[in-house]
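Everything below concerns the one structure shown next.
The first chain written gets the first letter, and so on, giving A, B, C and D; residue counts start at 1 in each chain.
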Amino acid sequence: MATSELILKDQFVKFVGIELLDAGDGMARAQLKIEEYHLNGLGIAQGGAIFTLADYAFAAAANSHEQVAVTLNSSIAFMRPVGKGVLTAVCREIARNRRTAFYTVDVLDESGETVALFNGTAYLKSIDKG
Amino acid sequence: MATSELILKDQFVKFVGIELLDAGDGMARAQLKIEEYHLNGLGIAQGGAIFTLADYAFAAAANSHEQVAVTLNSSIAFMRPVGKGVLTAVCREIARNRRTAFYTVDVLDESGETVALFNGTAYLKSIDKG
Amino acid sequence: MATSELILKDQFVKFVGIELLDAGDGMARAQLKIEEYHLNGLGIAQGGAIFTLADYAFAAAANSHEQVAVTLNSSIAFMRPVGKGVLTAVCREIARNRRTAFYTVDVLDESGETVALFNGTAYLKSIDKG
Amino acid sequence: MATSELILKDQFVKFVGIELLDAGDGMARAQLKIEEYHLNGLGIAQGGAIFTLADYAFAAAANSHEQVAVTLNSSIAFMRPVGKGVLTAVCREIARNRRTAFYTVDVLDESGETVALFNGTAYLKSIDKG
C-alpha cells in the first residue's frame, strides 16, 4: 500500500501524461498517448518521454512488493521511431534478491511492435530502517 | 545549422523546462531548474526528468557536427537524490567514427556534485542520403 | 557463410572454453562448463567469463544474416552467483534495421534460472563496401 | 586487506593474462598485453577480453575500501578496434553511498586513445554481516 502510494504521487509522470494501467507481483503496465508536446525536432516521440514511460512501469513493478525500491541505473535502446498513437510499457521482474532487483520493460506501439527496450536495476530499502 | 535547428525545435524539452546553454564541436550543456512538477512520490527529481536533461545535452552534442545523429541507446546511473535547485548536464564526446559516436554526460547539482551519469551512443546518418 | 566463419574463427572464446551450440535467423545459443580457472576470488564464475559467453551468443546471432555485424555496446546485469555447472546463453533478436540491430541474451544455469541478462547493440556493415 | 586478497585470488584474470598495476582509494589500473589468443574472427581483441580487463579494474577499485563489493551490472561501449599492443584500464570512483558505488573505466591503447568505455555499479556488503 505504502509503496503504491509512492507511485501514484509521482507528479512528473502526471505532467507528462503517463497513466498507470496496473501493477502487482513484480509486474506493471503504463501508457502514454503521444501528443504534439512529446515530439522532438524530428517529429517523433522524444527519447526522454519514452524513457519516462518505461521508467514509471519499472518503478511501479519494483514497488509492488513490501519494500521501497529506488532506481540505481537503467539502460534504454531505441529501435523504431514513432510519431503518434498510444505507447504501452510492459514491465516484468527478471530476478529479485534481498537488496536488489532486476526488471525489463518493453515499450510497444499500437501494433505490438517493440519501439524501445529498457532494463532497470533497483535497490530495495530495508523494511524497518527505511 | 540544420542539425542545431533540429535541437532547438524539440518540443518535449521545452515542455519539461529544459534550456540549452551552449553546443558545439561535440560538446553541449543544458540546464533544468527543479520545480514541483518534476518530483516523484519521494519528493526528489524524477528519473525521467533527469534523463531528459542528460539526453538533450547528448543530442545537442551529437548534432553539433554536420551529420544528423539519432540515439541508438543510452544508460543512466542515479547517484544522489536531489529535490531542488538547478541541474546542469555537461556532455562531452568520447569518440566519433564515420557512422557512430559516443558521449558521456555528467549531471551536476549546484555544488558541482555528480547527481547522475549518462552514456549515449548515436548513429550518424549519411550526409547526402539522409 | 562468410559471417558464420567469422564466428567460428574466434580464438578467445576457444581459449575460454565456450562452445557455440547453434545460430541462425537472428538467434544463437552458446555454452560454457564452469571450470576452476573461470572463478573469481569469491569462488564464483567471474563476470568476464559470463560476459564473454553472452557476447559470443550475441555475435553469432548478429552475424547470422548476410551482413557483418560489429558490437557497438552492451550491458550486463548479474542476478545470481554461480560456482559450477554448465551455463547456457540464449540470444534472440529484438529488432533489426538497415544499419543497426538489437539483441537480448539470457544466461541460464542448469535449472533454467537466469544468472545474467545481457543486451547488445550491433552495427551492420554495408554488404558491398565492407 | 581482505578485499584486496579477493582481487588477487581471481583465477580467470590470471588465465586471461591480465595484471593489476595498482589499486587504492576508489581507483585502480590493470593491464593486458594483446596476444593471438585474445583475438576474435576479425583479428581484433575480443570484446570479452576487453570487458574482463575493464571489469577487473572496476572490481579492484570497488574493493579498495573496507567493504566487499560485488558487481550488480555494467555497460561497455567499443569505440575503436585494436589488434595488438598493451591495453590499460583506468578506473575511477564517481560516487559511493552506504550500499552502492559507481565507477567509470577508460580502456586506453598505447597512444592513450580510448578503445572502450565501461561503467559499473557495485553493491557493497555490510561489514559485519557479510
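In the analysis below, a contact is a pair of C-beta atoms (placed from the backbone, for glycine too) under 8 Å apart; a residue touches a chain by one contact, two chains touch by 3 or more.
This one's a predicted model, so the numbers in the text were calculated from it and none came from an experiment.
With respect to chain D, maximal separation of chain centres occurs for A (centres as means of Cα atoms).
Interface comparison, A-D versus A-C: the pair with the greater number of contacting C-beta pairs is A-C.
Rounded to a whole number, the gap between the C-alpha centres of chain A and chain C is 27 angstrom.
Distance between chain A and chain D, defined via averaged C-alpha coordinates, is recorded as 31 Å. Each of the following residues of chain B touches two or more other chains: 72-73, 75, 77, 102, 121. Chain contact summary for the complex, chain C toward chain B: residues 72-73, 75, 99-100, 102, 121, 123. Only residues 75, 77, 79-80, 94-95, 97, 102, 104, 114, 117, 119, 121 of chain D touch chain B when the two sit together in their complex.
Across the complex, chain B meets chain A through its residues 5-16, 36-42, 46-49, 51-53, 55-56, 59, 70-78, 81.
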